Amino acid sequence: MNEILHGIIPPLVTPLKDRNTLDEVGLERVIERVLGGGVQGVFVLGSTGEASSLSYELRRQVINLSCEIVQDRVPVLVGIADTSLEETLALARYASKCGAYAGVLTTPYYVHAAQDELIAYIEELLSELPLPILLYNMPKLTKLSWEIETVERLMQHQQIIGFKDSSGDMSYTHRLLYAARARPDWSIFVGPESLMAEAVLMGAHGGVNGGAHIAPELLVSLYNAATQHDVKRIHVLQGQLLQLGEVLYGNAGYSGAIFRNLKCALAVLGVCSDFMAPPLRSPTEHERNQMRVALEKLEFVKV
Amino acid sequence: MNEILHGIIPPLVTPLKDRNTLDEVGLERVIERVLGGGVQGVFVLGSTGEASSLSYELRRQVINLSCEIVQDRVPVLVGIADTSLEETLALARYASKCGAYAGVLTTPYYVHAAQDELIAYIEELLSELPLPILLYNMPKLTKLSWEIETVERLMQHQQIIGFKDSSGDMSYTHRLLYAARARPDWSIFVGPESLMAEAVLMGAHGGVNGGAHIAPELLVSLYNAATQHDVKRIHVLQGQLLQLGEVLYGNAGYSGAIFRNLKCALAVLGVCSDFMAPPLRSPTEHERNQMRVALEKLEFVKV
Amino acid sequence: MNEILHGIIPPLVTPLKDRNTLDEVGLERVIERVLGGGVQGVFVLGSTGEASSLSYELRRQVINLSCEIVQDRVPVLVGIADTSLEETLALARYASKCGAYAGVLTTPYYVHAAQDELIAYIEELLSELPLPILLYNMPKLTKLSWEIETVERLMQHQQIIGFKDSSGDMSYTHRLLYAARARPDWSIFVGPESLMAEAVLMGAHGGVNGGAHIAPELLVSLYNAATQHDVKRIHVLQGQLLQLGEVLYGNAGYSGAIFRNLKCALAVLGVCSDFMAPPLRSPTEHERNQMRVALEKLEFVKV
Amino acid sequence: MNEILHGIIPPLVTPLKDRNTLDEVGLERVIERVLGGGVQGVFVLGSTGEASSLSYELRRQVINLSCEIVQDRVPVLVGIADTSLEETLALARYASKCGAYAGVLTTPYYVHAAQDELIAYIEELLSELPLPILLYNMPKLTKLSWEIETVERLMQHQQIIGFKDSSGDMSYTHRLLYAARARPDWSIFVGPESLMAEAVLMGAHGGVNGGAHIAPELLVSLYNAATQHDVKRIHVLQGQLLQLGEVLYGNAGYSGAIFRNLKCALAVLGVCSDFMAPPLRSPTEHERNQMRVALEKLEFVKV
């Protein structure tokens, strides 16, 4: 792990038996599925992992078990975002103890804070934080963005090693990439998978893409085509990715439905339970059948 | 406490010595100040109380100490909102044990959920909840609103005893008041204090108003004028309230600054510390001086 | 007309035969209906009047004919909002020539402008404007609000004689009412009809309410109850108003559907055509039937 | 002009002497400047051209003079967006008579309309429209987006020959590009210039980029590098483009300021007047000086 973080790092779902019980076998299968597909890391307890809906005890189980299963084969990133700095620290300490590679941190997501407050918040946190972090930009869910000037200030801290941009706003990503020329050791990932190829073409280091649960080889191949500047191959693979996106996200009008569809597809593929933590509901049998039919039409997904 | 909840119920700030240490003396002074001003209840761990920024251990201390200080003189409402149903339940159980009158609950505030999911979420919660609750509408911070149709469905549950509407959208409040004719035992409060008088005139039961920290008698008098339909007196008191609002909120462009200004005013008045939990910064000495000057101009506030 | 503008001033629909032909008889019937119901003015070419969807030639016909029909029985207000200052001036000149009482003006509604630009824009306009104006706040459609500080600056111009607030944000309205104490000759109206009664109780001068097309007596009675501080009567009439609102707006998810529903109700009542100018579609026969059934249930509307 | 529209097509500013007088010499210089830089078309009366702020008479002058100056050297696209279908038609007829290549059309931008209404609106328009059009997606200013399903429906009309996407949302652009595989004769352009290179790499046909006023060769070279899949050269040129963007847009918090900055830069370069139509204010002498200093630091711009 001497090189910088790069490639496809799926934001793992958290398989559940019920709202407070981990589907441990399911988690293992999910991890083996994506590692088998060639991904370069995993990210647990992100938005897709329903982290905010889980009890802290359950979050610790996810961290511990994921690190055990992965066994240093790839870096394990852990979502440590919280509205409370104290609780973020507690999660980060636990993750560090378990061997996590880095934490991943959105802005606090309840109260509105100003950018200078976000800087002070991060600096207070860093002074006690036992592991490196990536900043995570997710304004649709947190209501706040790390403004580029803020990122430039925070770049001075070596403990921050990269950035995950899920804004979907490539103009922002470009300004970020340009600013990050000051930190060649930084890794910059994008969240929306349809933007991954072009982001990598334009200088980003990879994607944290939910679709890699279902078609890890497709995402990995697309990433490789992008690092090789093979635009013709990108066009072919991007077409497949958009077909996959239509199946996974086409009928989902809000973030919760996207996460549900992902778990539903995994359940259809026999990988794990699709039980959703409240407030999200689990897929219906009808939705599972529709998902099965739709997935079977995708020749690049093994159903 | 046989009658329904009504009147002015301040959403208390949480006085802090540092980010994880309660200013216990300050909390007692805050509570005695508002009780001395005639308020009909207190609400701890709401948005103004920076609940989401506090560790769970600290939240429990706030609940326990508040209930001890109030000693059944008025109802104590406790914010139990969380992104995780499990953690909401844990807080509610603790609050019930301490003697809280009711919980107050926003929608979960990270992931987007659909209205039918919010109904199922509440119903799952109610089946295990040891105390009654008021629903709390705070879309600017939670990104989700309890739609009127959702409220109509949830009204069937006797464990829900009222509603706090901080949307600031009086058209919504009117639809809520109209729907709530089906539950004459419900209490409906509004958050923005400049809307309290007219809301009470139009049928609401009171206000959960931050300004009552600073001028509790003013808010209580305005509430009384509204219940008496004394429109001339309302005009006089509303003018004072707007002057107070200009001091407390005039320069605050976002929710965090509003909470800071309230604590700053309380510190200027010698009531409690104005230390803010991260990610919010504490007031500067300059801001305290400005606040002092501004408060001194308000004849209805004893500085 | 020596007293200041007050009371219920309906924002008239523009009855059409086709997209560029006025339903002249319909317009006359609409005007006589609301005047017969006791309204204190009419407002043509507002948002409800689909002004922005009409050709300029047709807008001039509406102005001319309305002034002719009204014949000074009540003031005629004319919407002169446009994205182009030149075209606003041309409309204002025409309206002045026809005998309109005042123009009504939103912010320009395509490009984003800063508040100091809005002040300069109004001052340039006033220097050439042949008639007094009311400012019109409609941020949902214009994307820009007249900030209170801006209104305070513009208050110095005697040619501005009032304000129509359709923001629906009563906190804003209160700040406006407070600022307008400096201009006791100003008239302040609110757009959303469910807020009219409380706005008048709190100091406003009336409502520009679409529902007055359908139930002008109800709105006028509610206005009178508010000026008389008769809160009990307000509660009764407000209940009827909310029932009317459920019929007119309950199923309308966007502004265009609200305007369509109003015209549909007028057509059902035999008052005028319900043809909608593009881009809005006209009501379907099914929608008309639903509207008829719904209106027949309202005892205070004569179908 | 037998091939499909492609390349860099600047959205021209409208040089003005005063709010209703065209700076004709300035317009000629602007056009010659961009044609000299190698652009493949020009687009007059778009958002950057302040179209909505101009009188119709002035808009006709712009159309007429632009077509005369260009003399068929490249296609002239004309913005025909309006809130009124009648006025759009009138502009389109005039543009057709002057020899414009195509119209460019946003959604109507005042009233909210549903997607089925937008489809009917376009179909009614097409039945009378004398020239082909491109659809123009500008949700930040129009409040409405052409949803992909809507575009798929409208694709059946041969008179629609392309799409300009200024949403800045590359996920949307990808869905559009995928849908447009059904219309290989369509031209798809993106508005934000920092997205042009990647959009072309991923299958788009060019950019309608304001920065081409200032550095047309840079944009044209970047476009060429993208069509040649020369990713290394793209990185170099994209870095220059971001530097230019920092100068032109870095301090602009809203669309009006962006348009002002562009005109200011052109004035500094001696190309045309920087008078802005109301409601936008013209640049100050201080802003011009700052712009001059900033432009002089860009070695790829000749000051």
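Labels for the chains are A, B, C and D, by order of writing; each one numbers its residues from 1.
To be clear about the criterion, contacts are C-beta pairs under 8 Å (C-beta built on N, C-alpha and C of every residue); 3 or more make two chains touch, one makes a residue touch a chain.
Source: prediction; values computed, not measured.
Enquirer: Going only through chains that touch each other, what is the minimum step count from chain A to chain C?
Expert: The least step count works out to 2.
Enquirer: Interface overlap for chain A and chain D, more than half of numbers shared or less than half: same or different?
Expert: same
Enquirer: So how far apart, in whole Å, are chain C and chain D when each is placed at the average of its C-alpha atoms?
Expert: 35
Enquirer: Roughly how far is chain B from chain D, going centre to centre by Cα mean, in whole Å?
Expert: 49
Enquirer: Going through chain C residue by residue, note those that touch at least 2 other chains and give them in order.
Expert: none
Enquirer: Touching chain D in the complex: which residues of chain C?
Expert: Interface residues on chain C, with respect to chain D: 19-20, 47, 50, 52-56, 58, 83-87, 107-114, 116-118, 120-121, 124-125, 141-143, 254-257, 259, 277-281.
Enquirer: Note which residues of chain B are touching chain C in the complex, please.
Expert: Within the complex, chain B contacts chain C at residues 168-171, 174-175, 178, 192, 194-195, 197-198, 201-203, 229, 231, 234-235, 238-239, 242.
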